[in-house]
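What follows is a short report on a single structure.
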Amino acid sequence: MGAYKYERLDKNEAALIILDMQEGLYNLVRDFDSVQYRNAMYAHAEIGKIFNLPVIMSTSAETGPNGPLPDEFLELYPNVSVVKRQGEVNAWDNAEFREAVKATNKSQFIVAGIVTDVCTAFLALSLRDAGYSVWANHEASGTTTIDIRENANDRMRDAGVQIVSYFAVLCELMRDWRNTPGAAEIFPVIDRYLPAYGMVARGHRAAVQAGVIQPGESALP
Amino acid sequence: MGAYKYERLDKNEAALIILDMQEGLYNLVRDFDSVQYRNAMYAHAEIGKIFNLPVIMSTSAETGPNGPLPDEFLELYPNVSVVKRQGEVNAWDNAEFREAVKATNKSQFIVAGIVTDVCTAFLALSLRDAGYSVWANHEASGTTTIDIRENANDRMRDAGVQIVSYFAVLCELMRDWRNTPGAAEIFPVIDRYLPAYGMVARGHRAAVQAGVIQPGESALP
Amino acid sequence: MGAYKYERLDKNEAALIILDMQEGLYNLVRDFDSVQYRNAMYAHAEIGKIFNLPVIMSTSAETGPNGPLPDEFLELYPNVSVVKRQGEVNAWDNAEFREAVKATNKSQFIVAGIVTDVCTAFLALSLRDAGYSVWANHEASGTTTIDIRENANDRMRDAGVQIVSYFAVLCELMRDWRNTPGAAEIFPVIDRYLPAYGMVARGHRAAVQAGVIQPGESALP
Amino acid sequence: MGAYKYERLDKNEAALIILDMQEGLYNLVRDFDSVQYRNAMYAHAEIGKIFNLPVIMSTSAETGPNGPLPDEFLELYPNVSVVKRQGEVNAWDNAEFREAVKATNKSQFIVAGIVTDVCTAFLALSLRDAGYSVWANHEASGTTTIDIRENANDRMRDAGVQIVSYFAVLCELMRDWRNTPGAAEIFPVIDRYLPAYGMVARGHRAAVQAGVIQPGESALP
Amino acid sequence: MGAYKYERLDKNEAALIILDMQEGLYNLVRDFDSVQYRNAMYAHAEIGKIFNLPVIMSTSAETGPNGPLPDEFLELYPNVSVVKRQGEVNAWDNAEFREAVKATNKSQFIVAGIVTDVCTAFLALSLRDAGYSVWANHEASGTTTIDIRENANDRMRDAGVQIVSYFAVLCELMRDWRNTPGAAEIFPVIDRYLPAYGMVARGHRAAVQAGVIQPGESALP
Amino acid sequence: MGAYKYERLDKNEAALIILDMQEGLYNLVRDFDSVQYRNAMYAHAEIGKIFNLPVIMSTSAETGPNGPLPDEFLELYPNVSVVKRQGEVNAWDNAEFREAVKATNKSQFIVAGIVTDVCTAFLALSLRDAGYSVWANHEASGTTTIDIRENANDRMRDAGVQIVSYFAVLCELMRDWRNTPGAAEIFPVIDRYLPAYGMVARGHRAAVQAGVIQPGESALP
Amino acid sequence: MGAYKYERLDKNEAALIILDMQEGLYNLVRDFDSVQYRNAMYAHAEIGKIFNLPVIMSTSAETGPNGPLPDEFLELYPNVSVVKRQGEVNAWDNAEFREAVKATNKSQFIVAGIVTDVCTAFLALSLRDAGYSVWANHEASGTTTIDIRENANDRMRDAGVQIVSYFAVLCELMRDWRNTPGAAEIFPVIDRYLPAYGMVARGHRAAVQAGVIQPGESALP
Amino acid sequence: MGAYKYERLDKNEAALIILDMQEGLYNLVRDFDSVQYRNAMYAHAEIGKIFNLPVIMSTSAETGPNGPLPDEFLELYPNVSVVKRQGEVNAWDNAEFREAVKATNKSQFIVAGIVTDVCTAFLALSLRDAGYSVWANHEASGTTTIDIRENANDRMRDAGVQIVSYFAVLCELMRDWRNTPGAAEIFPVIDRYLPAYGMVARGHRAAVQAGVIQPGESALP
């Protein structure tokens, strides 16, 4: 097997992009369950907060049908000024957006947006073309059909974009549960956005608490 | 077509049952996406709050692997004492639980729990056998496979249980958006638990707000 | 096998109900492909035109997020006044709607609407309770998940509602291709809304036309 | 809602039927994953052992392509003589089989076999016709396609057969975790055949053991 | 559980109906794989031959887009005259067809056709209404979507139609592998239409033949 | 991550190819819903009109079973002469077709056709081999099964074909909603072919219109 | 986009490999419908006959559970001697097989076999390693799960194997319907193995024949 | 087609890695049936035993919610000391783990673990980066959704990881059924973990045994 260089997300080299996750555009996302996608979208938006990353938010024609970003996003990042594109589909075609990217002084970008095949893919390809490394959080981009999503992800992949899960993003940034942020900061996030893991931790907590009272008691011998 | 009598949920006749939605048992629920199910489970638990219904909560062997109810449920209903079954699988076999049912003085029960084919189905069938009307919120009961869920729902249906969605429960109880609780109380609930509808309302709110400023402006002629 | 009475749709006994197929509510329909459902919704709306049936249109809070009916529907039936419900979820709870039903003087109602588990199901169950026969065009009602749809259809089925396809509605009403409306009127409808059949007819037409010129020429012996 | 009588499995009234689960016929089962079905088949076979129920095993033309029962089944029940049908498809058509049923002196039969639409369904319908109560363990019957399975299960359901999961069978028979057999006997069975639950119990056991050593330590506050 | 009467197919009481399985209409069948459905359609058509049942074949407007029956069907039953409906959608509305049904002097009808929700369902419901027993071979009726098929099957089921697999039809008619037709006649049919079973029989044949030469040799101890 | 060059569709460099979208061949397309695919096929055909691109239409043996192109396509482009291949499967093997490609004087080709694995793939691979850039609109090519489609798309992808959605084609060509064609021309197209987005725009229009009358009124605070 | 060289199947350069399509191994194929796969397997086997290609057949331990090739294959190629591997899993590890490959004097190999991830993949990778061009007919290789198939196909694709449909193989070899073999020889093959296309041709034939008699008559104007 | 070098697993060059297959983490695996995954996990763990390969086992924070490895794994390899990571997510970041890898003195690593997108992928990418060859047994790694799994597998594939089935691992290591380990050692493993194949072998064994007694007897002529 040939040579391979594994570039990992580095919390000192990474920035977060929240792209066109607008309240009107949300209605176009039909490749995920509507609850599952809302969760993924909010989880994505919080990554910057957790790891203290530079954050870029942009919208497309937000006074029209596309609508604004959810208030929750604006409240998360009160100091980030949203790049409001008046017409450019590809955020990279907008000078203010390109400036915002440059201003981060980072080489690694974590992206997600609506819709996967247009907003996310166009930007991801342009970022790659401009020499940046790109991680696409595939759970947080949505579009009208699963077929469209899969082909858009493949197109990005062929351009060298890392198509990764939300949990992979968290863990590549965190690296070690003993770091800061680490277990203490990340487990509450997991409890909020990854309930499959969060409930295991809750069950364990309960067992430990019960264990103090009734050591040795379990259903299995 | 023969005669049919449509019995509707009546907020004055209904009570809510939260059954075995325990942190350990949550791990058995694999017939829904893990985020989607958590949402459905919490949505179910809040129904009593919204419509001020009597609430019965019960757990099965909660100091063992099944674990306790999520704290959020206990905080929602601090005055409800959880019926902690030490061994009975079917809640109806527990005298304290039967007393709690009788004490509600209601004829209609809205149920959901983990797992669908055992905890939910056994209780629903027993309630029907005891002469009660039963609505099973099918989004809020979970089990290990989709096949098992479908057959359990069919079994309950054949016993006269109404297998209904969460939104159907909300709307049968509310009846009219002008009631109390009505639009003012229910739309925030929808925004929390039914984002497919909540985002439509958010998009509309944004359009109305923008409409004040720029009347007549829309993407379509 | 026991006795069974087959009640068929009769174009002289049937009326069409177009329920809450509003532009805002359309966004909640995620149990069908978005193109497929739009087609089904428009096909449903045209049934009244084709067979000259009484038509009832109703909306729920249409100046809010639910939005208005598509203009195309209003243009199809300029003389039908839309029953605009200000708060009642179940159309049957609205006196004007009940009057509209009674005014048709019909015993058979063909219904579809958004969402299946609430608007369609509640009305269908109430119509059955009131003694009417009901056909639910299952392709033209939509909701947020497939699970919710399936359970809503089962609930209606258990109440004696006939859950039927659009093509079944067309054919039960038409009965014979030699009737009026018959092949001459229905095939253009099929070409518009049932392309799987329409293209077979187009291919046949082309073959017949080519056949005149080159009789006997086919790929198979 | 009308009256409903819930008949529950009773370990003193129930018998187990293992029908045509032959090594050759196993190859026809394509409606479940091959590992999942083997597990379900063995789990079904053990039910008799756990609850000390009368067991009837039968095969169809076992020296031909259908093959014999797995040795494991014969070793589980060395004293049960297999009813080897030479030609009857429906086991009920075989006098020795009918005798075996009668000899159990039971009124409730738990059945599963290969294939669902023929062997299982035919026998279940005949048992119902003969006045017996029937529980079909739907996880342990298999056939060539999912469509065939679903329609066969519906056919049985319409005849009053209870279509139930393996876990529902276990729990209806056990009733209370404090019974014998109860938690002590059933949890090892769960660990073997229901790993989704078994691993929760294992995780709990580990947490309790760790809890003794390090009380209060958990990932969540 | 209540009383149930199991009516079984009886080769002396049964007749076969091949309905609108026309070469043009075949293109509408998209709820099964195209190879799988062709196989099911031909398998259905042969049932009459195997059990020497009366056969009724009918077509709808066969000189138009619907096209003729496959030649293979006409060659199977050279003495059956096809009931060519010029306009009636429901075959039962055609006097010649009703006569053909009456002329069989049978009480049990095995039906399948294209499309499930119209041709098959309408006839099946009419036959039930006329007091006949009906078995719908669900593998041999096709339509444009799986949803449409499932709802059509449920509609027939609710009218007392037995929705059964092809193999169930074969086995209810044959009853015992030692009958005529029995193993000798049915296994070649299985090899042709049910390869999942046919290949097991072929593998067994090979093993037996090899067994003669090398007894005792197997991969397992 | 290595270097990547993002080549974007340029409306001055692009031409559209409509390949073998014939009325007979349409029947082979079973990897999409029949309504969804018809919509995608017509949407593809209109791209040339919207952006005033050179258009090449070709058919294979159109007087035989494959049939002609839909009249709608011919009416869209009355001045384009269809390249009628008498035998070549791969359009590139036809000299007239190669001339048509050369005559466009373009370097970027947008292709779709029936069937994906043969007509579309063969041409796309030949165009790539001849040095052209190729965008395959994956929604507008169809074939008999999903497996076949997926493998054909992968084959094209490995040859450097961009596998893109219809909306991605529209947006890469348009670039900016303020261009011509831009929002004014594209939103009516979206309303016709992308109803998931079109209905959001319709809902927004209604809200703006209602907003003029009743500013500030929305379901959410 | 970079350079790409399209190597096409050439009937003068190609040979066919039928690998381990044994009657016992057929039972492991659960990633396709059992009827659909049998059809694909037989279609693959006939390719050599149609285009007069060299054919290599091989089996693995055929006197054991794997069983022999279907007799139909042996009858198709009475002069081809089957390479009976006694132990080598990868056919390329067998000297006789390597000799057979070399003896064809061809550079392009069309392969399929059971199971995809082992027999087919191992050989395809070895052929690529030995410098041959390889086309894997993905419809004619089968294995136990869809996941396993997809990953095996990806593995081969990454090694430069062309993963193609049966119809793509036919058409790359035929090139032009006017060749020999061409329409006259290939349409009967299509009628046998690709009924989705065959029935279109049948419908066309019927329309042409009817056209002679009743020119101009069609359902559409 | 370009050059390709097929590197095969070599039992003298390979080592096995069992990564984070912990009892708590098992609950996160929802992309496979719970029974199917448990089987795959145990099958993976035994590979080292069968081929006498060096084995590395590691866990992440095993006294917390993740839990310990199943006892069965520890009993399989009593002499392997588990690398217990206290915080590192990527096992490669742990010095003891890197030492363990180096100590094997092998160049090929077979990996699987929980969860696919984090534990398995991170390690696999790091091993590739360090110059090792990696085979990921895709059946034995699990995660929360199928989408996440597929993208994680694609990410590894793009890094040169071979994504292979369990059976492919067995067969690449074994090479020839006549080797040691070979048929005698591998068939019992197949019977345990690959029942689709195991039952074919059992059926064959029974047929051979019966063949001795009744040669020539088979269902097919």
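Points to keep in mind about this one:
A, B, C, D, E, F, G and H are the chain letters, set down in written order, and residue numbers restart from 1 in every chain.
One rule holds in what follows: a residue touches a chain if its C-beta (ideal position, glycine included) is under 8 Å from a C-beta of that chain, and two chains touch if they have at least 3 such contacts.
The model shown is predicted, which means the values in this text are computed figures rather than measured ones.
Contact with both subunit A and subunit C is made by B, F. Graph distance from subunit B to subunit G, where chains that touch are one step apart, equals 2.
In this assembly, the chain whose C-alpha centre lies farthest from subunit G is B.
In the Cα superposition of subunit C onto subunit E, the rotation angle, rounded to steps of 5, is 90 degrees.
Of all residue numbers used where subunit C meets subunit G, over half belong to both copies. The two sides are thus made of the same residues. Inter-chain spacing, taken between the CA centroids of subunit A and subunit H, is 31 Å. Centre-to-centre separation between subunit C and subunit H, using Cα means, comes to 53 Å. Shown for subunit G are the residues in touch with two or more other chains, namely 24, 27, 30, 33-34, 64-65, 67, 144, 162, 183, 194, 196, 199-205, 207, 210, 214, 217-219. This structure has the following touching chain pairs: A-B, A-C, A-D, A-F, A-H, B-C, B-D, B-F, B-H, C-E, C-F, C-G, D-E, D-G, D-H, E-F, E-G, E-H, F-G, G-H. By the touch rule above, subunit B contacts subunit A in their complex via residues 23-24, 26-27, 33-40, 63-65, 67-68, 70, 193-196, 199-200, 202-203, 206-207, 210, 214, 217-219. Subunit D meets subunit B in the complex at residues 1-6, 138-139, 153, 157, 162-165, 167-168, 171-172, 174-179, 182-183, 194, 196-197, 199-201, 203-205. Residues 183, 187-188, 191, 198, 200-205, 207-212, 214-221 of subunit F touch subunit B in their complex. Those residues of subunit C whose C-beta lies close enough to touch subunit A in the complex are 27, 30, 33-34, 144-145. Interface residues of subunit D facing subunit E in the complex, by the touch rule stated above, are 7, 24-25, 27-28, 30, 60-61, 64-67, 86-90, 93, 115, 117-118, 121-122, 125-126, 128-129, 131, 133-134, 143-144, 147-148, 151-152, 154-155, 158-160, 162.
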